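Some structures are shown below for you to check.
In the two complexes that follow, chain A is the common piece, with chain B as its partner first and chain C second.
Showing the complex of A and B:
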């Protein structure tokens, strides 16, 4: 039971840092360095890991904006084993046998996608995330990679998703949308494409 | 002041005496007969109903491995090991990257992918399956549930008495004793499954030493894992009291002693495991990598590499392990493993892509392109063909 609930609990924990807010159609400023335009209404919230938008509920259909992950950082701060390790045990040089999957500014496109799928699979409870396709693409004009993926977490509801990632000023910008394969992915995919296409990144 | 602690001790002694740690027939629960189904009016029928529901979910689960070869092998092994119970057992291979197998009271058995890559021979896998079959035949699930119910009932009575007498220490003590009893009962069930599972292993013509060998391997990997790691909760002092299984060292020793007394098989035991795993093992190895437990996975892969018929897969997995850790010289070590994978039997196409990728990053464009071409030759329908073509055209 715990294993089945873990991804959900993690998602709730991720979304628990700040309250949800209504995202109205129009231009939306995500941060000082990024903004998008949407034609639909979403529920959204942001925290140190980025921004999450949803229409029917997190995990059912979800938009994730990871904006400016620095060299050496994990996709989610909770996945940084060394940083979150008990400091007393750290002083005793006792480390858990656990790698932190970290972004590197020298990563190639495959490695960026692989960094994402590994981190995401870990978050979903050690489930395999399958990359279905990869192709050259761009994010606000910056050369990047487009990828499609699918996975089935412990709740047995298959998810499909796609995303675009690019490295700008040595930082990773990765936006992806996912939804249940049977309904939600197709429902909002076209809008998700438009939102990603509208992303503006301010350099510097 | 003296009377209350004394009364607590008396209460604790009475409670401890209420529950025995006997197992098997001594529990009053008979071993199942072939074709056994519980009476619908019993608590056991309810347990079966829950297990039936879980099995129905497992049948449709995305995690269930549907590869025909590995499923055919485990089905055959279960029949050999279970003998007259063959028709009552239904094994499932599940893609879960940890060392484990489970048996449900209704006869469904789950064999996890993490076990399949850690067992080095069919006999080792048979040792674990034989252990699980015993949980089924001895109806351990029912025994444990009844044991837990008895213990918690008694604890509830003493809790009430303690509360009525204004003695909170009795309440705490009775609960602690109940937990200890329940877990001790579980450990005895495991010991029984080890012993009877061993008999099944030998009777089916497998290697007797395999049962101890598999536990020795798990111990070795655990040691490699915690070389600099703090002792985990279950591995320290509390484990003897609350652990659901006996210590691994004890299990290995007991099984080794049984193996020394057992007759060797008259004909060489079958060993079809590696061949049956061929279609799915790379996925299982990469699931292991994605767990991120560098030290344990490295120890496992290096062990497999000693005599593996598909070293290309192991080198690729090792390369991925180092690449993902990405510390100091890890990139060079990873590149070396990817190169070895490319030239070894069983090389996955992705090994060529990884060499190409890493060479590209180092500015070695022509070498990178050579490996990208080799990748496309090995995987002409790859989902990232467009990206590769883009690189080749650069």
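Showing the complex of A and C:
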């Protein structure tokens, strides 16, 4: 199979074994500390990295909820190269050849966006993610940053996305939606805006 | 479950070769008759021919791909002519034409959408419950631009990946079979064809081809692949 589709298959693989659940219109409890409201039907699943919703498949449209990333953690657990470093190499005192990009509670808003674009670009097959716009915003009243981005992975289908990030109780809350630039981004953007605006974060 | 295992399972799901050569999903078995004989726009096929190495990786072969493209184009034209379908071939636009990029992106979207349909819409793959059992994938409103410039009502998109077992892989297959009783995967022909309603952008018919035979480098074999791939194409 073509290597160009590998990043797409990787994205699908992220959600391969957790079964998808139907997300019906109404209030949706994502975790003990987060809840949103949607007016559409989605397929969704959650794991240690957060929650993913999609309508036509994770390679086409993806709504991602990262809820409470702690200081010093990577956006995806699989990107923690030090933690995932081969234990035999660790015994041999060999260091990994990369350094993880980790969230820090002291990051500026620009640094948070850079943390996201670098991490997401790595997941998408080591491709650059371009920030198209940034503006001050908020998540459930907590001051944060809104950003819009685009990238073209190796499958050559351009993706566009937008998200809002905020630090609450020293933890990062970052919700973003992306879809094919030619169709799915516009198809679900208005609904994604409403879902993000409905997010309620329980502090403590 | 470990990430490598999940990856392997997902790739297997995505690439699994079913006992049946083709499987179809559709929302219609007839073309809409708003005009006496609807016209189908034949989009350039997205195909790649490659060699399966001893280690199980595929290596793209540009020469084979060019030959395959020529054979597939001839076979698709002949098949549609045989069906007495009213059709025309998509004429590639100049790169500075503003529609060029849009049409290219539509083809890429078809490729990615096909992977998702293949992964989620065909049992026993775990589907997307939000779809509520409906087959409702689309390429979106940009398809209407194809209708405007060609007076076609439908477009036929084809995506094919053909891989051939290398001599090294064949030796590995024999060794694995003799030593461990294991059958290693050989070359595969995987592809799909979609008929898209240009007014709505919806995929109204989708046919999946997945098998361990076929050779697009040979015109006769390419004709057989196209006949199989387009089985049940709405008329």
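Going forward, the second predicted complex is superposed on the first by the 200 of 204 C-alpha atoms of A that agree within 3 Å, B and C clash if a C-alpha of one lies under 4 Å from a C-alpha of the other, contacts with A are read in each partner's own complex, and residues count from 1 in each chain.
What we mean here is this: contacts are C-beta pairs under 8 Å (C-beta built on N, C-alpha and C of every residue); 3 or more make two chains touch, one makes a residue touch a chain.
These numbers were taken from a predicted model, which means no experiment stands behind them.
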Message: Going by the contact rule set out at the top, does A:145 touch chain B (first), chain C (second), both, or neither?
response: first
Query: Which of the two partners, first being chain B and second being chain C, lies in contact with A:193: first, second, both, or neither?
result: neither
- prompt: In the superposed arrangement, which partner chain does A:158 touch: chain B (first), chain C (second), both, or neither?
  reply: both
Query: So, A:133: does it touch chain B (first), chain C (second), both, or neither?
result: first
- prompt: So, A:170: does it touch chain B (first), chain C (second), both, or neither?
  reply: neither
Field: chain B versus chain C as contact partner of A:183, first or second or both or neither
entry: second
- prompt: In the superposed arrangement, does A:104 touch chain B (first), chain C (second), both or neither?
  reply: first
Task: Determine where on chain A the residues touched by chain B overlap those touched by chain C, and list them.
output: 156, 158
- line: The chain A residues in contact with chain C across the complex are 1-3, 5, 8-10, 12-14, 16-17, 19-23, 41-44, 54-60, 78, 155-158, 180-184, 187
- prompt: Can you list the chain A residues touching chain B in their complex?
  reply: 89, 92-102, 104, 106, 108-111, 118, 121-122, 126-128, 131-136, 145, 152, 156, 158
Query: Residues of chain C touching chain A in their complex?
result: 1, 3, 5-7, 9-11, 13-15, 48, 50, 58, 60, 102, 105-106, 108-109, 111-113, 115-117, 119-120, 126-132, 137-142, 161, 163, 190, 201
Residues of chain B touching chain A in the complex: 57, 60-63, 95-97, 225-226, 228-230, 283, 286-287, 290-296, 323-326, 353-354, 357, 360-361, 383-384, 386-387, 390
